[in-house]
Each structure stands twice: as C-alpha cells, then as structure tokens.
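Presented below are the structures under discussion, each in the form of structure tokens.
In what comes next, chain A is part of two complexes: it sits with chain B in the first one and with chain C in the second one.
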Partner chain A sequence: MAAADTPSATTLRRRDLCSRGIRLARKMRSDVADLLDIYVERQGLDASISVAAVEGVPAAAAEHWSEQTGTQRLLDNLAAYRAFRTLLAQMLEEQREQLGDADAALGRALAAVLLQVSAFAYHLEELLELESRGPPGDEGDGPPAPPRLSLFEQKLRGLGVLRELAQWAVRSVRDLRQLARPGPGAGSAPGLAEGQ
Partner chain B sequence: MAKLTDLSGEGWPVASSQKNSTDFDEKLGTSPGVWTGGEMANPVPSACCVVLAAVVVVYAQRHSQQDSHIQYERVGADVTMKCGSMDWDAAVTWTANGTDIDDSHLNGSYLILKNVDLTQSGQYSCYEGSSWHLKYQTYLRVGTPPKEPVLMCRSNNYPKGFYCSWHLPSPTYIPNSFNISVIHGTREMVCEKDIFPKNRCHIRYLQLFLTVKYKVTLTVTNALGKNSTSLTFDEFAIVKPDPPESVVAKPVPNNPRRLEVAWQNPSSWPDPESFPLKFFLRYRPLILDQWQHVELLDGTSHTITDAYAGKEYIIQVAAKDNDIGTWSDWSVAVHATPWTEEPKHLTTEAQVTETTSASTSYFVPPPTTKICDWWAVRPWQCVGQLDWSWLLMVSSLFSEYAPSWGHERWGWVLGGHGGLRGSDVVGKGDTKQAVGEEHWV
Partner chain C sequence: QNLKCVTHNLRKMVCTWDVSSRRRHGQTDFCYTTIDHPLTECFKTKEKRVEIPVPESSTTIKITTNSISGTPFATREFEIRKKDISFIPLAPHILSLTPDFPTSTLTLKWSDNGSIFPYGLDAFWQIEILRKETMEKVTQVTYYSKLTHEDIILSWNWTSDMPLECTSHYVKIRCYINVTQFVGHKDWSDWSPVEESPGKDTEPHGSGVFPQDTVVAVGSDVTICCVHEEGQQIKRMTYGPEAYPLIRLSSRSSAIRVLNASASDTSGTNVVCSLSEDGMDGTVLFVGYAPDIPQNLSCETSNFELIKCTWKPGRPSGLYGKRGTKYSLFERISGKNVSCEVNEMNKERVCGFPVLADQKTYNFLLGVSNPIGQTEASLLVDISQRVHPKTPEKLTVSGNSSTSVHLRWFINGSFAEIRLLCQIEISNGHSEQKLHNVSMPGGKSSTYTAQLNTLHPYTKYWFRVRCSAADHFWRWSDWSRIEEHTTLEA
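The block that comes next holds the complex of A and B.
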C-alpha cells in the first residue's frame, strides 16, 4: 500500500519541472509587463491602442482549454515559445537598426525577455522528454519572415507580440499547474463551463 | 339622432311623467310605445327599463370622450393640460386624485401646473361644467431623465465567465428600461439576464487567455431621456473572487499567544485546484486600530503566534487568484481570544508577598495604589496610578513572558505619560507586512 501511495520518480520529476516552470513563467510575465511599459513609452505608442491579430504570432487564446491533455499543452506551449524566440530576435534586430545604441534600456529589456523565452522553451523540451514524447524538431517552427512593414507597423507588430507573450505567460502557469496535478488525465479540469 | 338626455340631473324622462310620448321617444331615440307616456303601463317593468337605460347612458358618457393615459413630465417643468376637446372658454372642473383643483390653476379650461414636483404626480380628471361629464383623464408622473448609470463587471467564478450589474446613482421616479450590449473584438455577445437580482446579467467565456478586450455598454432609457455608460476591460482585470467562507478562529490550549484560523474557498470559485487562490489574513486586538497582515500562498489555515495574551482579536481573510485579478472583499469578521490560565484571585494587600526570584516574581503594588488584575483589565488603566519604580520592577516580569518583544513594544506599554499608543506597534515574529502591489485598500 505504501508503495502505491508513493509517487514515482517520473511523477516527482514532473512536479519539480512544473514547479520550476511555473516560477519561470511568472518571472517572465513580470518582466514582459515591465518591457511592455518601456516599449510603449519608447515607441511613442498609446498603451490602450488595439492591435489586430498579427500574422505569425501564436495566439494564447484557447477555446477548450480545460479539455486539453498534458501532452497537447506542452506541444502548444513549446510551439508558441519557439515562435516568440524568433519574433523577439527580429524585434531586437529592428530596434538596433532603428535606434542603435540610443535606447539601451529597451534593447536590454528585450534581450532579457528573449533569454527567458529561450530558457522556458528549453524547459518545455525537458518536460516533453519526460513524457517520453520528445520535443518536435525546431526547423520550420518559426514564424514566417515578416513582410516589409512601415516603421509604425513594425511598432504595432511589436506591441502585439509582447501582449500575446504576456498572455502566454499566464496560460503557461495554468498549463503547468494542470500538468503537475496528480491522478489520471492531468490536464483536463472537470466542472467548467461547456464553452471551455 | 336625438340627443341623449342628461340623466345626472333632476328629472328622469320616466314614462309616468311624460305627457307627450312622441317627444320622449325622439329624445331617447327609442321606438314608439316603449316609453309609455300616454298609456299607463305596468310601472315596475317601466322603471327597470328606465334605470337600465340610465346606466347605459352614464357609462357611454363616461367612456365616450375621456382620454385616460400616462403623462410624464420633468421635475420643475410647467405643465398644461387640455380638457380633451373642450373649448378654451368651456366651464370645467379639474380634480387631482379626486380633489377639486382651485380655479387659480386654470387658464380657461386649461389646467396649468407650474414648476411641478414629485408630490404632484397623480390622476388628473377634467369634468364638464356642472354636468360633471368626464371629458379628460390622465395620470401625471413627475420624474427625471436618467443620470449616467453605474456599471460594474466582475468575474467571481473564473474561468467560467463574468457578470455585469448596474444601478442608477439617483432615482428617476418613473419606469426605466436597461439595455446592455457586450462586444468582444468584432463579435457581439449575449449577456443573459439574471432572474435575481434583475439588474444583472452574465456571460460565459467562450475562450480564455485572449488579448482582445471586452466592451460593455449599458443604456438606460425612460420617457424623459436616456443615458449610457461603457466599460472596456480584458479577461484578467475583472477577476475578483468572493470572500473566503466559514472563517473560524479558536484558541490553542496552553498557548496564550496563539490563535488557529481556518477558512474555506468561496463556493462560487469553480475550480480551486486548477485556479488556486492565495489569501491575505489580517488581525488585530479589538483595543488597537492597526492590523497585522499575513499573505498565504497556499492552504486554508494559519496559526497566529504573536497574539497578545488575554486580548480579544478580530480576524478577517481575503482571497485572490494566484496570478490575475484583484483581492476579494474581506470576509465576515470573527472574534477569538487566546487561551489563558485560570486567573489567580488576590484577596487583601497584606496577603500578597514579594519574592525576588526571577522565575516566580509577583508584582507588589505600592500601598496607596489600587490593585489591578493585570490580565483581566486594560493594563494601561493601572499605569497612571503607579509610580515608575514599580514599573521598572514589572518590566522584569514582562521580559520573562515576552522575550521576543522589542523596544517598540515596550514603548507601547510604557507609552504611559499619556497611556497607550497603539500605532507604535509593529509586527514581529512570524508575521509579514502587507504586500502593497495588488490593490490593497
């Protein structure tokens, strides 16, 4: 009986990875919120401006979130953060081209978040390895090269990227918490509205 | 067609009084011979017919020309009521809720009400001259156009959905209708009205983690005008759980400085396992104004370890989603007093002995000083009566029972030229200061 109650090494490892992943995601969310403030200010944008869905930016919105399996959650998260890794790298390059070293603060903030996104993607790969699933290959996962945009369009696109990343950070916390739950079907939460 | 005879006056054109049956018949437009003026018929059926006819006539008169409707006017407006189709110079009588209105309010047959107020709401009727035929009737309702409504939207059951509720900042005194629209991106959503309360509707989330904001617009309309207000928000911003439920606090046996507090998640929060709540606990002795705060990231219980012995405490708990939204309102307050030993009764001054042992010291009040039961009453009531040498001796007693207290607490006790300064108390030990980042009020 005692053996049956003792979590397996895999379960413990999963919980540990999920806990660390939750902490990473929360830190990332906090830093993305700060980055958003800096970005809006430096780019001269109105914080309340609405940005239409940007092509190539993975949307955090989920229609049947509570019904997803753990593996699906991990795959969705990994695909998203790999895409963000590429998008943030593009933003960093654009920012350097536009402002050079004139705006070091924005560049540093972007680079810091890019680092966290990369680390989180790696963390997700570890979790997928644990699921004996193995992460999918990274080639071709990145978003398509951005079309030639005006400066203002680039700024709006950047705003859209950061806002969506902030949503993903919250979603990732929820996803990892679902994944860490004990019992079968960790990943589908009962008792929610049918719309979920 | 012959004119109807006024039946409200003196004479009924009864058959028995008719001298000329033809004339009567013309007047009443009835077939000859019914009203038997000339011939003497049986008086009882004739009287019944007359009565019946009179009733019909009166009813017809009352409903033929009256207009009965509702009229809405603003407070302060000047109102002119026309007596139906009566000429201006017709003689009329106006009543308000059955009471005659003085002629000073009339302009010809028009009723003039200047600068109307709420007390002038009621039924207004206009009667023709002395015949008292009802010519016009209206129900006047004095009110105001609606002011901008107050709209609030909140999700206390995330991730199921959210609700919006509304009210008017001041009454209009006339009926209002409310219309609410919810736009999410390009999609219009239906806000389902709640049965109770009726000024509320709810929406189910179709998707989570959206960046697109919701825009809710409420329009209120009445007969005198309309007004509206809007709210724009994202999914996370309006998340605010209900307060924790079933808060219980109790003393811990043989621990004079501890209180155990336990509570439950609000029942409206649908999935605390997937969307766990964190909690904020605040507590203070009743005698002080300053709260101690503790933030708890998991669990639904906490042990207070720095309570003042023997003092009654008031305790409240609030809840918040771990990652989004704002804190709930405070829970219902509970009271508890830490465990205390049974009090030892002192009989007379002569029976109180002094020892110098640090572990078993008792205080010896000066002979001229009133004995205070230190644990039972507010100790500062004793301070003003005691001299400083006595206080120095008592300090050894306190240092034995409260070694963790710092100078600031001792300053609290000795604050004593004036007495107690509760604001000097600072949280120590296991307590934490409130984290101010999340919308503390």
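The block that comes next holds the complex of A and C.
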C-alpha cells in the first residue's frame, strides 16, 4: 500500500483520542442525566421549571456549527468544560456548606460528574496538543466568581448548569465525530490539516 | 363661653374660649386672679387662647371682649377650680424606628419627657402597629414605665409575624400619665405622628421573596411574601408542591400564610413565586426542630491524653450543613471550651477534650445549639474512673518450658497514675477456656508482661489479652489479636 494511503501516526492518534472522547462524552451524558434527576428531586424543584442561561458558560447551541473548524470545535469545547469544572466545583462546595453530610448521594453524583468533566477537559487538551498549537492557558477564561445568590437562586443556577452540561455532552459527541472523520476536507473542516 | 383649661405639664395650663356674639370684635382683655397669688394679672390678646399657671386651688378669670374700636361690649367672669382643669400630656416624640430584617423585629425608641413631671409618676404608653397600604391595625400594646423627673429614652421591640421587607410597617404612640393627686380630668395624649419602616415594595426596583433562606420551627405559622416590580402580577405562589391563596399587601406585594409548617426535606422547602411574563422568584424555607437534649452523655479516656465524650443526639433536628446542630464542650473547672466537629449522619456523636495536667475531675457542660434553639447536658466525672484502654497490641507468647509461658504486649497510652488489670484468655483445642487476671502498675506507652504456669505439656494453646483499670473498673479494652503457642514436651 502506497505510503500515502497508510494514515500517519498523528491521524491514528487523533482517531483514537476522538473515539475515546466520544465514549467519555456519552458516559458523561448519561451520568449527567441521572444527576439531573437526583438534583431536581433532592432540591425539591419542579422538573419543568425554566431557568435563565448561566453566566460564564458558552451555550451548547452554536450557530454555523457545521462550518466550524476542528480547532474552533476543540477550543469551544475546552472553554465550556473548563467553565463546567469550575461551576461544578462551586456547586459541590455550596452543597457541602448547605447540607453537610446529609445528602451524600447527591454529593457523590456531583463529584463523579465533576471528575468526568475534568477528565474530558484534559482529553480535549490532548487533542489540541496534537495540533501542535497547544490548549490556551487555563487562567481567567472560567466563569466569574459566583455572585452572592440566595439559596433558591443557587438551586436554579445549579439546574441551569447541569442542563447546559447535558447539552454540551451531546454536542461534544457530534464535534468529536466530525473531527474523527478521515482525510482533510472530508467532513473535517479546514484548519485541522493532516500532519500540521 | 365654653372656657376650657388644659394642662400638659401640671404647671401651666392653656385656656380657650368661644365668643357667642356674631359682631366683629377686636382684642380681648384677659385678667386672672388666683387664691395663692392675690395680684390680678391682665393682658390683651387677639387669640381666644392664653397660657397661665395652674392654680393651687382655683383661679378667677374675667374675659372682656372689645369691639374693633376698642370699646368693651361683653364681659364674663369664670371660676376655674382644680377639678375643672384637664390634664392631657403632649403627644410623645418617636426618636427612631429601626427594623432588624433577619429577625423581623422593629425597635422603637422615644423620649419619656420625664423632666417636666415630678419624680415617680406612672406612665402608660399605648403603641399601635399598622401595616399595608391601607394602614390596617395589626396590634396595640400598652407599655408601662415610671417617670424619674429626667428625660429617659425608652425602647420597645416588636417582632412581626411577617418579614419587614414584605410591606411598610407603621408605628404611632400616645401616653397617659397617672397623676393620682390631680383631681381634674386626665386623658391620653394625642397620637404621635406615624413613623414608617418602609417595605421592599416601596423601593423602585425592590423585589424578592421573603424571608430569604430562613429557618423556622416545625409547627410554626409562616408568612412568606413576594415583592415584585410595578406592572408585574403574581400568577401563583407555591410552598413545596402546593399552591396557596394570595393575601394582598400592596400593589407590589402579596403573601401566603403557611400554618403549622411541617419538617422540610434536607435541602429545604422551596417557595416559588410565578410572575407574569415568565418571571419567577423564590426562597427556601428550612423547617426543623430545636436540638434535643443529648442522651447518655459519657466521657472516658483511653490514654490519659484525650478525653472522648459520646452521646446520642436524640430526635434529629432536620437541619443540616451550616444550619446543623453545633456542639461545644465546656469544662467548668478549667474554663476551657472546645467546639466539636460532628458528623450529622452518625448515630452517635463524639467530641474530644484534652486531659489537663493535674486535673482528675472534669465538670463538663455539653452545649447544643441550632438556629431554632439550644439545650445542654452536663456530666461530672473523675477521669481516672473512666479508663477504657486501647486494644493491647503486639502480643507475643514465648516459653521454653512444658508448663509455663511468658506473654508480652503493648498498650498505647500513659497509665502511670493507675494500676491496670489485664485478663488473659487461654484456650486449647479441648473447648477448655480459662481466664487469668493479672494486675500491674500502669506505664507510659509501655510493654506489659505476664507469666502463666500450670499449663499442659506439648499442648497447643491460643492466647489473647484485654485490659482495664484495676481500681474503679469502667470498661475492658477490646481483645488483642489471638496468639498461638505450643508448650514443649515434658
């Protein structure tokens, strides 16, 4: 087989990372869905309650999604999951302050998803490393420190975070599928050229 | 006619009168004579009102009304006796009305104006609280004080049954001074001007659900209000899963009244105010119990370094995290206080207190509190009578004889001040089990030894040991691990 046909080590590495990333995102999506159920029930919220967008988290719904470059997809994903990492950590802290050890189940579920989000962010950084441009620095692009919220606002904000995270988990699967597609231009948008 | 004299301070009185004639009239000549002051005093006045001293017994008053040109056209004389004079204090002056929102308490301060009155008079203050746009009367209270011939600032607290943010509260006050020796008519003063504690519904963009994230006792009746912007309407207010009827407080504030509130879930009960145009606001109410009196408070030491106190918390408070029950251990003799880190989910609570040098007796007061209430339990204990040693470790059995063995073991802790009693359990394969007690002076993190004789030769034995205080037995330690040993052949 001509040298040109055998995919380069970088391509193989990217496909491997993408497929593992897709599996991680799917697992995260199902865990976030379970967490949402626990959260709504334990916080005494009405599942149909509408919640405003959470400040500091890029919305999962992206305009011109199909035209995004591979790099842009990775950067958007990374920014979102770094923000979720901070937000989930804040939620965990608030949960401990408000409930102490009283609701260990919710605490464990939150901690588990936080772990997955951190792992996924690291995964995205690896993918960006492949492009030899490296992930952007982690300081300062996370959400601002939480304003002084009332408990009810905290509950709603948490719900908003988890709902948006669930959306992002779906989007990440689609983004990584895009990236995993073989060859330049065949589905993977420009900017993620071969072997760059 | 209708001459009336009123005193506000028991020294001066204001007399007022009417003029029956329709004719236009000019100034009035007012003359008065009192028994205790025979000189007649006269003066001219345009008013139909003059202020003159309160007489010791009576005053003769002559009022001459003059025409515009100054010629008298009507004269009348009056005899004013003490009993004809009314005593009506001046309306009190409110100094301040201060809201404390977290506790929904209004603090009213006013001056009793006592300096103008003789010492020792009884004063009654009627305080009225009003609320809502319609200034409905909420309550009226009578407060008592004694005048001291000085101006004293009086203070009075009132806790509202609804958060002060919900709507404006108003206060007014009047007084009645009981001058027993004053024979004339006595009456309440006028009401003071109304003082307002404005609600959030008066602030241009004030909004919110109140009280915010508060804690109440199970069984309480709670008023929760929703303050919203001008033009918005409240569609519904729910407490937990249930919608409640709205009570209108003002155009921008309505409330619900929850009676006999039941314990909330771990994360509190949500109160959601659904507003027009998909607006929504809410608060969380935590409904729980005051802490129960700790049961079975017991303190012991396992090493004479730390005293471990344990207790059963009793009924759960239903409050967690930063609203959870806090415990502190106060030792009265040394005055030392320790706050306890407690895991709410454990059935038993534990708190450690350092063993203090040269102190054997400890007078503990376990303080228990949460946002709803507090309680305590106490315990007087001689710690040398509450020794519960740690499990003996590193048990070794040795011996080069057919009928005796030598045991060694280690116990962490300093027991130098007491004697230890240790019990060695000896068992061999024939379901024969013996207990051998041995006592020895305690040491500081020491190794202890014992010798066992009269064993059977060439026999496999299993040994384990536990210890306690020899004098004033309290509790055995746990058993050590089992050690096996076979005696030599005879």
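FYI, the second predicted complex is superposed on the first by the 183 of 196 C-alpha atoms of A that agree within 3 Å, B and C clash if a C-alpha of one lies under 4 Å from a C-alpha of the other, contacts with A are read in each partner's own complex, and residues count from 1 in each chain.
Convention: contacts are C-beta pairs under 8 Å (C-beta built on N, C-alpha and C of every residue); 3 or more make two chains touch, one makes a residue touch a chain.
Everything numeric here is computed off the predicted structure, so don't read it as measured data.
Novice: On chain A, which partner's contacts cover more residues, chain B's or chain C's?
Specialist: B
Novice: Looking at the overlay, does A:Gly44 come into contact with chain B only (first), chain C only (second), both, or neither?
Specialist: After superposition on chain A, A:Gly44 lies in contact with chain C alone.
Novice: Give one of first, second, both or neither to describe whether A:Val173 is in contact with chain B, with chain C, with both, or with none.
Specialist: first
Novice: Is A:Lys155 touching anything from chain B or chain C once the two structures are fitted on A? First, second, both or neither.
Specialist: After superposing on A, A:Lys155 lies in contact with chain C but is clear of chain B.
Novice: With the two complexes superposed on chain A, say which partner A:Gln98 touches: chain B (first), chain C (second), both, or neither.
Specialist: Only chain C; A:Gln98 stays clear of chain B.
Novice: Applying the document's definition of touch, where does A:Leu130 land relative to chain B and chain C: first, second, both, or neither?
Specialist: Neither chain B nor chain C is touched by A:Leu130.
Novice: Can you give me the overlap between the chain B contact set and the chain C contact set on chain A?
Specialist: 50.
Novice: In their shared complex, at which residues does chain B touch chain A?
Specialist: Counting only chain B, the residues touching chain A are 159-161, 204-213, 236, 270-271, 273-276, 322-324.
Novice: Residues of chain C touching chain A in their complex?
Specialist: Touch list, chain C to chain A: 208-209, 212-213, 240, 265-272, 278, 280-284, 320-324, 343-345.
Novice: Which chain A residues qualify as touching chain C in the complex?
Specialist: Contacts found on chain A: 42-46, 49-50, 96-104, 150-153, 155-156.
Novice: Could you list, by residue number, the parts of chain A that touch chain B in their complex?
Specialist: Per the touch definition, chain A meets chain B at residues 26, 29, 50-51, 59-63, 65-66, 160, 163-164, 166-168, 170-171, 173-174, 177-178, 181, 189-196.
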